[in-house]
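Take a look at these structures.
Two complexes come next, and they have one chain in common, subunit A, joined by subunit B in the first and subunit C in the second.
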Partner chain A sequence: MSRFSRRTVLKGAAAVTSTLSMPGILRAQANTLKVGVILPLSGILSFPGIATRRGTELAIKMFADDGVKLDVVFADTESKPENGRTAAERLIRDGATVLVGAWDSGATISAAQAAEAAKVPLVVNVGSAAQITEQGFTQIFRNFPPSSEIVTKGVELFKNLPRNNGFNPKTAVVLHVNDTFGQVTGAAVKGAWEKAGVDIKILDTISYDARARDLSIEVSKAKATGADLVCPITRVNDAILIVREMIKQDYNPMGIYGPSSPGPYEKAFTDALGKYGDDYMTSVPFYDPTRAITKKVLERWSKEFSGQRFELNAGFGWESIQVVADAFKRAKATGAPELHAALKQTNIAEHPMFGGPITFDTKGQNVNIGIPLLQNQGGKPLVVAPDSIAEAKVKLPMTKWADRT
Partner chain B sequence: MTVQTRQWTAALLFIAVLALLPLGIDEFQVSVLAHVFLAAVVGIAWNLMMGYAGQLSLGHALYFGVGAYVVAILTDRYGISTWIAMVPAALIPAALGFAVGALSFRFSVRGVYFALLTIAFAEMARILFEHWEFVGDTSGIFLKALRSDNNPLVTLRGDGLFFYYALLILMLLSWALSVLLVRSRIGYFWRAIREDEDASRAMGVKTFRYKLLAVAISAAITGVAGGWFALVNGSLFPESVLGMRVSIDLIVAPIVGGLGTLFGPILGALLIIPVNEFTRGLAQTFSINGLNLLFYGLLLMIVIKIAPHGCWPMVARWLGLSDSARRRKDEP
Partner chain C sequence: MVELYANAIVNGLLIGAIYALVATGLNIIFGVMRVVNFAHGEMVVIGMYIGYACWQLLGLPPWASVLVAMIAMFAAGYLFQRAIGNEFVDKPQHVQFVLYIGLALAITGLHAIIFGPDPRGIQSAASFATYRIGPLRIDATRLHAAAAALVIVFGLWAWLRYSLTGKAMHAAAENLTGGKAIGIRITHIFALTAGIGMACAGTAGALIAPLYDTNPYLSSEFTLTAFIIVIVGGLASLPGALVGGLLIGVSEALAAVMISPSAKSFVSYCLLLIVILVRPQGLFSARRTGR
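Right after this comes the complex of A and B.
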């Protein structure tokens, strides 16, 4: 009953009226900035989309406490790239003078068409396709690294990990999901391997369908190579499938390292696998645990979203609002041109995600984002490299499945 | 006033309203209507093949996606004029349609088996594109941003208002072509095939030839629509233009509007897309993700319940645009 309170009905009536009466732009109050956030909140990408939304909402609350008034409206792309444009147009129509989005690269480019036409800045929260900042868009500001950079920086860190008696891999096998992300990352890994001069020979690259529900054949192929190191490029579900299959087939390589692989740091992964999820390594953009602002964000996060994990998606969702709030404070105006000018001058030193100050180059790319190396230990992802921000020592070789108690 | 006069008057009034509508609506609504026109074009194309020639295609994404890729690659990678790129965007899907049709009809593949074959070809194309580096494999293709000195009449890319009028013209041209075809000998042959293929062949209709013609014309129009989709959206992925979801999305409007009717696909698009956008707005207001999909499903169920042959035959009767003497489901 509480679902349909008088307030809810009035809210609905207002929405219906506003749509039917074909309104003009509803200008936000001068001291409140209307921000449109585009995310995949339903459909196959809803899991990371909702995680990004949580980080975004947390930032809105925290900046509201500091007196920054943001009126944020969320639009759902339903995980369909082509919906990015209409979502952006709807938000611009509703008065948003700055957009944030759109988590996946296709929807981001689609939204960018509308942002470019309306000259409304678009702050990219997550979206790693290199083309986003290479196509000549003037309104894009991306605070997320291109996929090739994530791989290159991660592989460089991995290469420099100390070797010991039990961990001295000479061979590796790459397993990757056969979708946009997997193909691009798989190719980037090979390039990064050569560029960094990694002395581990890649014996085979095995791809699998994104909708696969059984990876026993792929894992047995990987096992048959006898590789010392397994490099899975996965999302959450397939990462879980791979580990379960490795346990079943008692495949015990020296280590598992997923370059630029989202999933293993997710709560769903560590919850599903428990002790078997430990020792798994990945290198993705992640928070810097040593920074004061990170500690503050994590503390507030645990109050607002207890039971959820603050990770990559939530982190960049948080920072996207930080970027907008910072530009708003400096612009002292809510107009798109003023915000655009302020965004170009962005220089935020204190922010939660690992890396240098948030600044944007002439193409709108933040080139200062760092890539740490993570390893699951005790059921949660910990930064193990670089040493300057490490919160734990790397544990290699990984413990054999049968020896985990 | 005869029914035919009323029909022409209504058509001219409809066109006049659409031509003037941007003066009274905001940019977002202009953009939504541009999407309506694009959906209507594809609906008109599919309706020619299914509604008139009786050939069920559940793989029209093949033609849509290929048209989209042709335009994106030719214009963005090779710098070919978009106007010129629209020609292969029509011809290549037409040739593909011809090949699919020839293979099927030569071996008398009909009905649901033909539908399955169309799905198979579309899926094959999707998988091929996902592994074909030349078309960007699963990474897709991203069109470059428009330059500040962009001339929409040259690049065929612009703001929402440009796409509104461009796609309105495309829809009207497609509709005019479908009227001409349906009211010609070809149209009568198609309907004869739809009603009873064996009987029509016995009466001397070259069924193989006319079925192929239906597939090729339908594919060509769908390919051009795909090309426009690429220009509107700016990014293409095999899954987003060649996937099974696309094939299904493309046929909802003509089914809701009324199969085998000339105005049905347009009415269907006018109903489906604005309702979808409106409910999406409600979902956004209430922060209930997926609410619009529930409404969408509900709308489809209501339409199937109250207008199982589509909305247009019913609406045409209400408006007095249906000639009772000529009342057939294909001639409102």
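Right after this comes the complex of A and C.
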């Protein structure tokens, strides 16, 4: 009788085959990084959350073309800050060794607690609350400026805009939404105004409910101040409501400028208002239209997401993956500690959003992000300052509503 | 300053009239069936999307989209009640809550899938038109919407009061067993009630669509506002819904001018608390809320 039965031979062959194939599997695993991306994909914040997802997905495709293999899993916070932590924990349990998120500050801080406990790095795509980098988290890498910095840099640029016969504002009125973002930014505007020595007196600060569906009274109050400049700190819907009411009430200030105000650069805003959306100004982190990488990204964006606008959310979504891909390439490993070490050494000069190289300080903050001044012209936001990256000349005073053709 | 107050009051009255139509839908459903429709705000949002779709896809004028919303929502309400709602009328309240909250979540999810989270707005030349009467500047779209809402509320009130079917609905609301005994087809009456209630919500939505951009998550605000109006005005009272709507509209507008725009909701809830404490049955009470 033979010492090797057919069953024994088959078992042996299977064992040899699986042993030989193991390095291949291990190699494949080492070549693919599992990334967990936390975003508000449903609920009240889903509008910017989905825009961020589009930018993230575009970057995943573009880096995959360059051979960077990322296995990205999205988790939805449902626009609830407390879900940031549970989403992060779930992603880490599922094998993610680096996290990206979480668009809003509350969810980011919540997710950061889970990242900190598991020692998994968290690359912040959008989230401007100062606390994100001020609470001593060691796993945070934020590629987005704190709100005070957005306001300060923006106000400085606005202050230096040339004055002319029609544009020489002496007074301003601030309208702001009364949620955390609006309250913090509204207060920051007053501080930045004083710090920059802006010679425009703020006559009144009017706050309104974040859920307001009607802003006629708010605009009436602003009009009653007779201010030359209106400074709305809004999101998209309320920015639309304010402009509509200004038209209806025939309120024609010299200019509208929203410091650190998201919304006016969104496609939803320009689509909803058409010619009436023009001349509205804002200062927010935005892409640098002069860079080669921006042109490349915009070209690919128009193919992948025709009809959508590449803006702040998509831009920082894109860069979050660029930061992760860059760290992964340098770490040559998928482990969280190796990625964390690589992220600390980040130095990306060529990236789409305006500002200097992406680097992180000891608190995990990228301090090189620039703030351009945007003005809607011809139905889209254009960079009008600083001159080094301006796409168009600033147009002030704004055209009266009745004179728009 | 007088101009500011006068405009605030007029604006408050106009928006209050639309609120009244929203609340009428909720009130009529509760009044006849003693069922609280927690998906009422979602019905308003459906109406808004119908208004948007009619304008965007079919190029219909706003009045035609209002008509489409009214008919479509009446049919949807009638069929829903016949197919599902009637099974729950006699169920305990917590079971009814589950049905309507589930329905609300399903509608919001469906809106998010079909239209996405982006705000959808109707913009036409008329969107920016205003009428000037002395110091008053009246938003034309809002005035048309409020006028239409008032016509519908009064028309509905007259129909309920003077038509045979309206009287049957009253009878069912007053005494269900008695109604059955005299041969009223209760399942049909309930379905008709749900149809009318949802048509009110849908119509209000289509009237609101040119005023506010639509997104799937607006609904809870409409539901809450309708609840406040119904409780202030009086459960199961149509005049209560009308007066409650106008009261809430004007007090919110005045609070915005006199205190702060952020105080709008605060004043609504204060009114609600006062009414609950002083006159729990509401300003125009039907007194009895159980069948």
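Throughout what follows, the second predicted complex is superposed on the first by the 377 of 405 C-alpha atoms of A that agree within 3 Å, B and C clash if a C-alpha of one lies under 4 Å from a C-alpha of the other, contacts with A are read in each partner's own complex, and residues count from 1 in each chain.
Keep in mind that, in the parts below, a contact is a pair of C-beta atoms (placed from the backbone, for glycine too) under 8 Å apart; a residue touches a chain by one contact, two chains touch by 3 or more.
Here the structure is a predicted model, which means the values were calculated and not measured.
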Touched partner set for A:386, first subunit B, second subunit C, both or neither: neither
Larger contact residue set on subunit A - subunit B or subunit C: B
First (subunit B), second (subunit C), both or neither touched by A:93: first
Partner chain(s) touched by A:213 [first = subunit B, second = subunit C, both, neither]: second
Subunit B versus subunit C as contact partner of A:237, first or second or both or neither: second
First (subunit B), second (subunit C), both or neither touched by A:335: neither
Partner chain in contact with A:248 - subunit B first, subunit C second, else both or neither: second
Partner chain(s) touched by A:80 [first = subunit B, second = subunit C, both, neither]: first
First, second, both or neither for A:178, with subunit B first and subunit C second: both
Partner chain(s) touched by A:44 [first = subunit B, second = subunit C, both, neither]: second
Footprint overlap on subunit A, comparing subunit B with subunit C: 42, 46, 178
Subunit B-facing residues of subunit A, complex: 8, 11-12, 14-16, 19, 22-25, 41-42, 46, 73-76, 78, 80-82, 85-86, 89-90, 92-93, 105-106, 109-110, 112-114, 116-118, 129, 131-132, 135-138, 178-180, 182-184
Complex contact set, residues of subunit A against subunit C: 42-44, 46-47, 49-50, 178, 206-209, 211-218, 220-221, 224, 236-237, 240-241, 244, 247-250, 268, 272-274, 276, 401
Residue ranges of subunit B touching subunit A (in the complex, touch as defined): 24-29, 31-32, 35, 130, 137-140, 142-147, 158-160, 229, 232-235, 237, 240, 277-278, 280-287, 289-290, 293
Touching residues (chain side subunit C, partner subunit A) in the complex: 1, 4, 7-8, 11, 15, 112, 116-119, 121, 123, 127-128, 130, 137, 139, 211-213, 215, 217-218, 221, 253, 256-257, 260-262, 264-265
